[in-house]
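All remarks here apply to the structure that follows.
We just call them A, B and C in the order they show up, numbering each chain from 1.
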Amino acid sequence: MGNCAQGCKDYWCRPKNTNIRISLPAVCVVWQTAMIILFGVFIRYDEESDTHWVEHKAHENITSDAENDFYFRYPSFQDVHVMIFVGFGFLMTFLKRYSFGGVGFNFLIASFGLQWALVMQGWFHALDHSTGKIYIGIESLINADFCVAGCLIAYGALLGKVSPVQLMVVTLFGITLFAVEEYIILSLLHCRDAGGSMVIHTFGGYYGLSISWVLYRPNLHQSKRLNGSVYHSDVFAMIGTLFLWMFWPSFNSAITDHGDGQHRAAINTYLGLASTVLTTYAISSLSAHRGKLDMVHIQNATLAGGVAMGTAAEFMIQPYGALIVGFCCGILSTLGYLVFTPFMERVLKIQDTCGIHNLHAMPGVIGGFVGAIVAAAASEEVYGHEGLINTFDFEGAFANRTVLTQGGFQAAGTCVAIAFGIVGGAIVGVILRFPIWGDPADDNCYDDEVYWEVPEDEESLPPILEYNNHMTSKNPEMSESNFSVEQS
Amino acid sequence: MGNCAQGCKDYWCRPKNTNIRISLPAVCVVWQTAMIILFGVFIRYDEESDTHWVEHKAHENITSDAENDFYFRYPSFQDVHVMIFVGFGFLMTFLKRYSFGGVGFNFLIASFGLQWALVMQGWFHALDHSTGKIYIGIESLINADFCVAGCLIAYGALLGKVSPVQLMVVTLFGITLFAVEEYIILSLLHCRDAGGSMVIHTFGGYYGLSISWVLYRPNLHQSKRLNGSVYHSDVFAMIGTLFLWMFWPSFNSAITDHGDGQHRAAINTYLGLASTVLTTYAISSLSAHRGKLDMVHIQNATLAGGVAMGTAAEFMIQPYGALIVGFCCGILSTLGYLVFTPFMERVLKIQDTCGIHNLHAMPGVIGGFVGAIVAAAASEEVYGHEGLINTFDFEGAFANRTVLTQGGFQAAGTCVAIAFGIVGGAIVGVILRFPIWGDPADDNCYDDEVYWEVPEDEESLPPILEYNNHMTSKNPEMSESNFSVEQS
Amino acid sequence: MGNCAQGCKDYWCRPKNTNIRISLPAVCVVWQTAMIILFGVFIRYDEESDTHWVEHKAHENITSDAENDFYFRYPSFQDVHVMIFVGFGFLMTFLKRYSFGGVGFNFLIASFGLQWALVMQGWFHALDHSTGKIYIGIESLINADFCVAGCLIAYGALLGKVSPVQLMVVTLFGITLFAVEEYIILSLLHCRDAGGSMVIHTFGGYYGLSISWVLYRPNLHQSKRLNGSVYHSDVFAMIGTLFLWMFWPSFNSAITDHGDGQHRAAINTYLGLASTVLTTYAISSLSAHRGKLDMVHIQNATLAGGVAMGTAAEFMIQPYGALIVGFCCGILSTLGYLVFTPFMERVLKIQDTCGIHNLHAMPGVIGGFVGAIVAAAASEEVYGHEGLINTFDFEGAFANRTVLTQGGFQAAGTCVAIAFGIVGGAIVGVILRFPIWGDPADDNCYDDEVYWEVPEDEESLPPILEYNNHMTSKNPEMSESNFSVEQS
């Protein structure tokens, strides 16, 4: 880091070595081995996934296997799983020559992250102090996927500018920070945040932006030719968009209370997202010559309503409340892409490849404060006596908390998420500047060639060119002689 | 419309203005605002998604949250949701240069349509006259998605020939008409139509064909170069086909009775679809030189069996009955693409981009009449006493209806759906001919350039051309001078 | 087969006729008709999908529709269904010019196979001897999809080298063999094999390899130019990979015991797969110049952990056990692609297009033996008394079996699966060498042109070339005259 103290310029002037043949395998194998050891020491099946369930059932007078949490949560879990791997993965295939990296590195870091999340979240939330073990079930898997989502959001800001080894580091620290801030927000502050407006989107968004700020590349314009889409890469990205959009009701309802909690969270998210789509199309069309729509907005801003419903989805925000939130988020998120992202790059020196500020950070903060307001406005009249207690979990140490206090804590939770994101991201960013991670040079960004064996696309040649090409490749001498003839 | 009275030719000769910069945002924002107001006045959570569920449970002696309708229907709902957005959306990406419009406008109109459907269907089916409110739950969301499906089917006939503003109009009226015909067919005629052979496919199909008939473009051949697929757009379309095909059992079983109803509907649809695939491949191969298969058939006709099982899926049609229906539909639908679509365009002057006649309208009518026959043939021997009552809902005012009468009403329902589709579509078609909607000119159809910012595809250049291209773009003077040297 | 006795060379030298205009339609229509007859004679709804369910419920004192097996298994079924059609289908789109064949023939043979599987598996497992009928429900559909998976695995080895008629033959015999070996392994040997490491993957893998060995093409290098991917075909294949990867927990848990059985199988598979991803990336990077990752490994080897967890997923292998299995399989499978596949082609004369040996056969065998070891190591201490009986189904005739014996039988079951695959595949391979099936010539493999109407891809031309192209096609004389001017 000696160079670095003399200013950024020197850091980026250093010649880059993108060879990751030692570092990537080492990180993967060593960390995976560590996971095996940690799982061996700490992690066991919980009572609903253990063969002792049959005895547990008899003991608890449970008459039906349908009461196993698996059946309440597994369909939602699978939807969340699709969002993590296909949703986030394909959303990041939009670049013309970084589709492998988008979906492929997403796959790698999510697979590592979910294991590390099971351990970290287990330590904070599910450690049985009598046995020293963490007991996992289907809800743990959902939470692990959620935890991973925070890191994948951060990846969105860094897409195309970092090496897979750096992404592993981002994930390692991201999961760790996530588990801590989640513990503070959900357990200490006793916030409700079922779909993670605060703990996932706000944290993940600012974490990624903060890292990107530290890793600012003044000469990134050298890769400008690759920082865009082609026709079919935009269609691939729509796969990601749609699977995120469709399954977001499952995301926000996956860990809410059985029964009306899951039911209501799904309805609210469904409506919030539908509303967002219309205002996104409106602003996208309004901002362009002849009203032409921009795929960047359609792929991203349409999802902002789901982010913003992350906290309030389980509350009695009412259907029209969900529509209003979605309405505003579609407008703000699209304006973010039009106005704020260029401003951020030019003035704040933050390069945000996927525009996660507009899709996650800002809607996440909105969602956090919407949650705070809706919580503060809750009443027994609307929720019913038991309903209010159930919804906000006003039990045990929190039995006497009022809805106004709850609203205040919800707002505080959002601030904690922002703080963790910014500070954590800055620290991780500095670590990522060590010259050992194999990151690409400024004129080499957004290019799969750096980390992938990319097939030659000769087949995209039109028939006549292909024919010439074959001739050339088959008779190199002939073609060369032809060439000289032409030149003479 | 003055011009129009003097004949079609004048209408189409009018110069086209495809600028939708005012109209699209206006429609989106105003209609979304209207939705917020309507939802605010009318729509509330039903008892299973309200926080009062805990008290409702106690009152009704419900012992388990597993009895919440959410758990019976949510997995099916999510499958239906995927069909609407990815299924229909990607099925319409098959055109070489209209993939953005296919998946993107599908996204827009479905998002608007489902909100409007919740209101319209609510007024007809779920309005509580004592409170003046509509109470929604998971089944309402499924019905809203179903309602949207009717409009998306109609979009299939219009694909590439209309503006997004026109599609919003098609959706507004389509949902309205749907709610009325559904009320007539399901409530007044007391038909059973779980998967919507009649109310969704027959209505949606004829609605789209009728609009297309009114909007007939005699000079559409001017866009012929774009009315076809490329290799990868056909692969994208297979994503849509397969998600529709795989999740059709969920579509047909999503709102059938809990227990054996959903179970049987899923089995029948699964079998009907499997059978359709084989006969589709057979006819496609039989009709072509050297037995070569045609992607248009594979993408579309393979789904006809699901459409045709839409009514009878919940009946005791028996597994072999489902296979027979699928067998016939695969043949008829493929023949439709081979014979009837060209005939329709040439003689009936109906341009049907996706061939919805063969995939929805005709199989829908078949499904309606199959349902009528199976209903008329029902007996207590096969269904059991209670089973017969449950399946056909012979209760209340309909307690004395015989199966023969039921069969007659089922057939009548199909005719109602046809009538609503044709008449409604003709009226909407006339509205769409107003010169204010920004529809494309005849030589501009099937082209995303009209309504989308389309990326330049320079990356599809082969390396050597790309190199030249870069040279050219970097040194414009040099390349021009080169050019003159070559010419001299 | 006369020629064939004089050596392979003559066989392959025979001129090929790839016209399938009679054979494919004939096979499809005749076999589908046979299915209808067989279904008519044998197949009926089981008691949970029959309208008599309402009486059955009352009789059995079932108080809730939630007890219908549909709700325990339908979400998993749909995930499995996606794996079969989108997962396997898109995984096979990776070839640059065989995407239609990959996803399209997969669609065809799976649709036939699942019908035939319902009959075959019904005869062996669900035939009610008093009525002579087979009663099907949701579990039958899952098992039919499983059965099909075996044939789709085999297709992976043959991809691009056989005709669709041959694939139908492969499926017909594959399903038949599957039903027999499954009966031997599960019923006679009383093995547990919930996710089919043995019955699906080991059998399917060796079945395909054995067929490929008999159909060895010494001159396949003539099609070498098409035996590879292009950029976007690799992205399409990732759709298949990810849907297989994400839904594998559903695959392995779909037919395990209600409650903890399904719960535990899902957790174990989820963990095994996550671990596999990391070691796959490690070995792929380690093996290549500058650590560049190879899409072939990422698309395939990442799935090996799911295969290897197929038997042990429902056992108490513990979370770390699942991680260890995944860890090893990622390494071995990637090494398989690097080392064994080329060796197999060069020395063993087995051409394995998709590398099913590394993804299915070998991990399947590992999974079988892991299952045997974990079964042999089971104890009442870990499983509980009832848990042990439930998990291994030590009831009826097998009430006295010890876990050690069970382990032995599990290992024996794996050997049965290998034997059935190899012998069955060899016989089917010989049948496929009859000169009547329309298979492609050696220089015609991996080419959709043979069996599909393939669209011309002129649109992939860059704008300037396209313009010239249009000019040329519109004014052929002019362009020719231009050409002569240029030459003069």
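Convention: a contact is a pair of C-beta atoms (placed from the backbone, for glycine too) under 8 Å apart; a residue touches a chain by one contact, two chains touch by 3 or more.
Going by UniProt, the chains are A, B, C = Ammonium transporter AmtB-like domain-containing protein.
Every value quoted in this text rests on a predicted model; they were computed, and no experiment measured them.
A rotation of 120 degrees, rounded to the nearest 5, superposes the Cα atoms of chain B on chain C.
Taking shared numbers over all numbers used, the chain A to chain C interface scores under half, which places it in the different class. Separation between the centroids of chain A and chain C, computed from CA atoms only, is 32 Å.
Chain A has residues 64, 66, 71, 75, 97, 232, 239, 457, 460 in contact with two or more other chains. Across the complex, chain A meets chain C through its residues 18-25, 28-29, 31-33, 35-37, 39-40, 43-45, 48-55, 57, 64-66, 68-71, 74-75, 78, 81-82, 85-86, 89-90, 93, 97, 99-100, 103-104, 107-108, 111-112, 114-115, 118, 136-138, 141, 164, 232-233, 236, 239, 438, 451-455, 457, 459-460, 462. Partner chain B is touched in their complex by these residues of chain A: 64, 66-67, 71-72, 75-76, 79, 96-97, 228-232, 234-235, 238-239, 242-243, 245-247, 249-250, 258-260, 262-264, 266-267, 270-271, 273-275, 277-279, 281-283, 285-286, 288-295, 298, 302, 316, 318-320, 323-324, 327, 382-384, 386-388, 390-391, 456-458, 460-461, 465, 469.
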